[in-house]
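Chain nomenclature is as follows: A, B, C, D and E, assigned in order of appearance, with residue numbering initiated at 1 for each chain independently.
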Amino acid sequence: MQVNEYKPLIVAFCCNWCSYAGADLAGNNRLAYPAEVKIIRVPCSCRVNPMFILRAFQRGADGVIICGCHPGDCHYTSGNYYTRRRMAALFSMLDYLGIEKERTRVEWVSAAEGAKFAATMNDFVQTVAALGENKRLEDLRCKK
Amino acid sequence: MRKCSLDKIDLVFAQIAKNAALYLPVDQTDGSAAYKKWEEGTVWSGALNTVRSPKDFFFPQTEDLMRFKTEGKNIEIIDTRTEGEDFVVFGVRACDVKSFDILDRVFLSEPVDSFYANRRAHGVIVSLACTRPSETCFCKTFGIDPAEPAGDITAWKTETEIFFRANTEKGEQLLSKIAALTEDSDDAVVKAQKEQIGKIMDKLPLKNVTTDGFGGGKTDELFNRPEWDELSQSCLGCGTCTFVCPTCQCYDIKDFNTGNGVIRYRCWDSCMYSEFTRMAHGNNRLTQKERFRQRFMHKLVYYPENNDGLFSCVGCGRCLAKCPISMNIVKVMKKIGGETK
Amino acid sequence: MQKVTREQLLNKASELLSNGTVSCVLGWAAGEFDYDVTPKMFNCVEELNAGFVFNDFCGANVSKYLVARAGKCEGKILVFLKPCDTYSFNQLLTEHRFDREKVYAVGIPCEGMADIAKVKAVCGDGISSIDTTGEDMKVTTLYADAPVSVAAADVLAERCINCKSKKHVAYDELMGEEGDVIDSARFDEVARLEAMSPDERFAFWQNELSRCIRCNACRDACPACTCEKCVFDNPNSGVENKSPANSFEEKLFHIIRAFHVAGRCTDCGECSRVCPQNIPLHLLNRKFIKDINEFYGDYQAGAEVGSRAPLVNYTTEDLEPGEVFDRRDNNA
Amino acid sequence: METNKYLQEEIVRISGVNPRKCMRCGKCSATCPAYDEMEYHPHQFVNMVENGDIEPLLNSKSLYKCLSCFACIDRCPRSVQPAKLVEAVRLAVIRQQGANHMTANDVPAMIDEDTPQQLLVSAFRKYTK
Amino acid sequence: MQRIGVFVCWCGSNIAGTVDVKAVAEALKNEPGVVFSTDYQYMCSQAGQDMIKEAVKEHNLTGIVVCSCSPRMHEATFRKTAAAAGLNPYMVEIANIREQCSWVHKDMMTGTEKAVILGKAAVAKVNLNTPLTPGESPVTKRALVIGGGIAGIQTALDIADAGFPVDIVEKKPTIGGKMAQLDKTFPTLDCAACILTPKMVDVAQNENIRIFSYSEVTEVSGFVGNFDVTIKKKARYVKEDVCTGCGACLEKCPMKKVPNEFNLGMDNRSAIYIPFAQAVPKVATIDPNACNMLKNGKCGVCAKVCAAGAIDYTQKDEFIQEKYGAIVVATGFNPISMDKFDEFAYSQSKDVITSLEFERLTNAAGPSAGKLLRPSDGKHPHTIVFVQCVGSRCDACAEKGKEYCSKICCMYTAKHAMLTRDKYPDTEVYVFYIDVRTPGKNFDEFYRRAVEEYGVKYIKGMVGKVTPEGDKLKVQASDLIANKQLHIDADLVVLAAAIEPDQSARPLATMLTASMDTNDFFTEAHPKLRPVESPTAGVFLSGACQGPKDIPETVSQAGAAASKVIGLLAKDKLTGNPCVAGSNELMCNGCSSCANVCPYGAISYEEKEFRMPDRTTKVRRVAVVNPAVCQGCGACTVACPSGAMDLKGFANSQIMAEVDAICK
């Protein structure tokens, strides 16, 4: 194992009804993904405020991923539709400001998709790791 | 008095920049000017009016005061003060130079603000006579002569030459460092320029703005004047006037939680903000009218009352140019104080 | 030169005041110079005669004042609205920010407003007078012997060069002819930035936003920013801050500010007009508008009262956040 | 069946028609006034373009039997617009062969006094792009 | 400051195998607020729970963090434990160190490190937790059914059967709906009236059911369990409780040339009318647009002939206020207008009819007394062409028609074709179809019978044009199998018109804040798992208002809706989810962004008076969340630009504290 391999910090917001359960299923099936992924449970993906995402980057996250129910399957009927619009707009704006678009992602993971959850996280960690440290949205005050 | 050809000015800058950080006004793409750190290739245009005032070099918008480091339940206090680096601010207008008198009285009187004092000790101000006042200028109202600015060194610039006169010891020292690039000169050219400036001053549209009717002791008379309602009515409550003002010196002290500790820092605050001077019981000026009045009463009444009649406005005209809705101290002075001398 | 004159507006205001339709007038007041115009409430004909002004420098969008003012005086407020102001007016009504019954809106034509910085760039500093009554502007300065003639088109404010509409979308009464929605080139600059590499874009915005002094003028002038308490002023919000302490704070403020008005911003351009540092803030807002138009179909905030803003709406067929980039990359 | 992907894409692009929207109801053919004259009928046109079976269409006289009356476009419940496809195939023929179905020289012989001017104009537009 | 206890579970070796649980407990001991930290083999066991309870008492804990399996597993368990120890159950947070840590990571050091961070995030959150109490609201034990078709009738009967009072609001003078207009029903061919009218009588006689016929719902406020509804009872100018339905007035009424809507305008009725013989309530209604007495005061015959004295020309619309615990929408459907389908000559020839008109033509109580005669000349038609999918399955961009399949047409057309061939074997019957869709019990068999036993000619293809010529209808169609264009001289053309939701549905949805799709069908709370509930709590869906349905499907959905209603009304009070949104009215500016995104209509607005800083008062519009309706998704919290809207249990500050702890 490489010792100096760069390990990005990933914050994953997961909706309680689908994606958090999907993550649990990944666990049940012992599907490994990097420990750099830390999950925060929210009732619905639409609870994720853009401020949370920026906050994560400020505090040192290298990537933020939002997981919710598949469109049409939202526990609250329409929550993820709003997520989809908000995040499309926000991500496009971050990209417009020159911030690497690969650092943010929205993924729909159902409660049955443990494998997809693990695969998504593996892929996301790899993508972000390739980018290296988050420099463009960092707050130097928060570095150790 | 020393003089130097403008052809050699970059050599002068290079010489100064050897020992100190040199800041001077540089034209920006949008037509305005801003202070920039000089480096090889920086072009000094001789611009006089900058959007941000040179106050920023001595009293920056944000400044860390100290840090707390937390480890579990332990807290360690870290002094973040450092011995500052030497710097030179070049090309400061008379009005802006005057603003340091006003800031000094606040920050250098007991208890001395060590951060400010540190910067003052390390900074050299090279002023520049103002040959092209703007229509928004009214420094004369506060007894400032744009042709005779103070500062450690005073400079006069013509089409081809620049003249220097040291006013302080710090100024002498700096001049001596560039002695090889300058030569002695009489003051004939400078005198002519002063005369020229005097003529322009008489043509300025705001030449008749007067401080009569303001000053210490006028609180009772002015505080409840009905005109404040009308004047403050369109104020948006933004902080533009305060942040471009060379004499505004209010700040807030805040803590920033970094996750590993806390940075205690100060940052400019504006009396125009609804959150200004928020205390445990809330804010003490609840309406925009009160906040608006505070700003002008402070500049024109409270400050002179506590500082031997010195007004805390220098007539630089920045707020006139930058207020989003063009409400400003001149309009206030005319409405509250009366038109002309 | 504006097609509608100060006198015409003055007569209209006096008429409406005298016949009791309105009890006060929200308009523009003359200042020290010919260009420093201040929005003001006029309470009687005498005040109007003394101070009311209308010229090429009446850029200030007065719609926002209605939030605080409507309902404060006895009767109705007369407000003069340029075409772009009417969009803000409608958007504020959509968000229930003032009582329509308390306002009498008069739509006035606008030929585009001048940017004083551009005037100064042409004529130099030290402006002693500007005559806007003729076809061209006549500018007299302290440093020139004769007045300089400037074509109005050369000193138009950026937002007026890219005017999106000469049509009034709200009024009780219209003065002059009704104009049309304009097929403007306002998104060209956004497209130019989009075409840059991420590194170039980052450098561009880093440079622009680093000038921010967080004076909040953009927010406080914005007709969409009418929150009772802004998140940036609220110590409990988690993002409150008074200064751009570093480049992150600069970006945080401007991203969130633009996001909060996304779908609600009418592109009135006040933010850029008032920025003392000339940061092209409208390019942030326009990015959201352009995206929304492209992703979810054309939408103009304020075009009608009661329309549902795109970010509080959805269809089941919306594109995925990831597809945003595929789309752009394919178009490029 | 032979598929000609290039031509298929070209025709879809020129016409702006998405043949996959067709639900095979046949209303276009039911509505077509030139049906009996045609070797390939409107619904077959759509189907053949969808399958990339373009060659027979290129060589079929059906192309010129279509009156461009647009009845099929009007009636199609799926907005498929068969007439536009026919037009696109006609164009493809012209582009491919560089030869027009008719030339201006052929025209005088075809005119009788009842021929309306509009028909001539429309024929030129259709056959000689 | 909280006093937090941290409990790290080993889960046998499930956690302890990859996570150094002792090290985790030790590390978390130093977190702000933590006063006690320990580990145990099985925290969820009785012994583990007792350990928590003791620690709460011993250390005066105000908050609990359990580092264990997923909260989806044992959050409820530990909340109960906390409650048993006297703590508010919502002062418990779970750090998921099993499913999302020990089970997905192999390395002890990595696992332990991550477990500590997850624990820290949970501690950071508990530090900001506040005790939450679920709200309770009473339930009004009465249901409202809007629409009196078969869906509404069945729902009302089922609810009434369970002992709850039900009101049916029907906008027509009688209940019965579309089914009352049908002749026979597929696939069994029993007569619609024979099976429907007994149910209508049941409704009329059921003590728990009130019928508001000729009435409309005009206003709805309130929320699940507590709806306030205003019902407009339109003036029928006949005293409902006095009229005996004898019909004398109908005979004597001089105004007899009013198009009869029950027969779709194919014959006439009088100005005072009873829609059909078995109408419920069997009460006459005066059509104010046709009655001379009401229009110009010249007549009054009906009042003279009415022995019961039921006529009242001065009657006014009446508004009734009632409270309901649940509302069932059963507003049904209508065939779409054929105006835009002029290729079928519907407006040009009386002999081009819709299927519903065909039903009336074959119905014994219809305009031709059940004889199949051409509307134009009353002759017997010998060639009949049925056209399927008229206006169904159209492209979304097309200017006419609907995108969806209307579902019932294939079956009723087969029925019509079969019945025609059965009664009139000399008739040629053609059915033009695109697909024949017969998924349903005995459905395909039914269709095949039409073809095989009755000789109905099914032709795959569509009719392109119908041209009236003389007394014939020239039908031009394509036969896709034969690859031919057909030309048929028909006597009658029957169009299977698409169906659409009733026009009253859209305004009703607005009143109910129930969501609709683009076609104006009501949206269900979950397309698979909650098909009879609207996302708006307390509003249920029955019948074709939710999507095209045949009778058996409608009846089963009606029963399902009824059972949901019964389940709701059986409760004495509703306990809410305490993790609901709440608006800080000092910060709210009433912009409606939150209400726009709320899927439940939980947000309303109030004009509230505020004291302003300058000591004046100002009335401002502010959002108010109804905690009984809010489901706690949090969509509103992000839509709110000022941050006035926050979600209890998942507050902005709590989530940010978690972010901070994770990113530290």
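Quick note on the criterion: contacts are C-beta pairs under 8 Å (C-beta built on N, C-alpha and C of every residue); 3 or more make two chains touch, one makes a residue touch a chain.
All values derive from a computational prediction rather than experimental measurement.
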Between chain B and chain D, the fewest steps along chains that touch one another: 2
Chain located farthest away, centre of chain B as origin (C-alpha): D
Mean-CA-position distance for chain E and chain A (Å): 35
Centroid spacing, where centroids are CA-atom means, of chain A and chain B in whole angstrom: 47
Centroid spacing, where centroids are CA-atom means, of chain B and chain E in whole angstrom: 67
Residue numbers of chain B (touch at least two other chains): 256, 259-260
Two or more partner chains touched - positions in chain E: 597, 639, 652, 656, 660, 663-664
Set of chain C residues in contact with two or more other chains: 231, 237-238, 245, 311-313
Chain-to-chain touches, reported pairwise for every pair that qualifies: A-B, A-C, A-E, B-C, B-E, C-E, D-E
Residues of chain C that touch chain A when the two form their complex: 190, 193-194, 198-206, 231, 237-239, 245-246, 248-249, 251-252, 255-256, 258-259, 262, 284, 287-288, 291-292, 295-296, 310-316, 318-325
Touching residues on chain C, where the partner in the complex is chain B: 31-33, 36-41, 60, 65, 117, 120-121, 125-128, 142-143, 211, 213-217, 219-221, 233, 235, 241-245, 270, 273-274, 276-278
Of chain E, residues touching chain A in the complex: 70-73, 96, 98-101, 103-107, 110-111, 113-114, 117-118, 121, 515, 523, 525-527, 535, 579, 597, 599, 631-635, 637-639, 647, 650, 652, 655-656, 658-660, 662-664
In the complex, chain A residues that touch chain E: 9, 11, 16, 20-21, 23-28, 30-33, 35, 38-44, 46-52, 55-56, 59-61, 72, 75-79, 82, 86, 118, 142
Touch list for chain B against partner chain C, complex: 30-32, 34, 49, 51-52, 61-62, 132-136, 200, 203-206, 230, 233-234, 236-240, 242-244, 252, 254, 256, 265, 267-270, 273-275, 320, 322, 324-328, 330-331
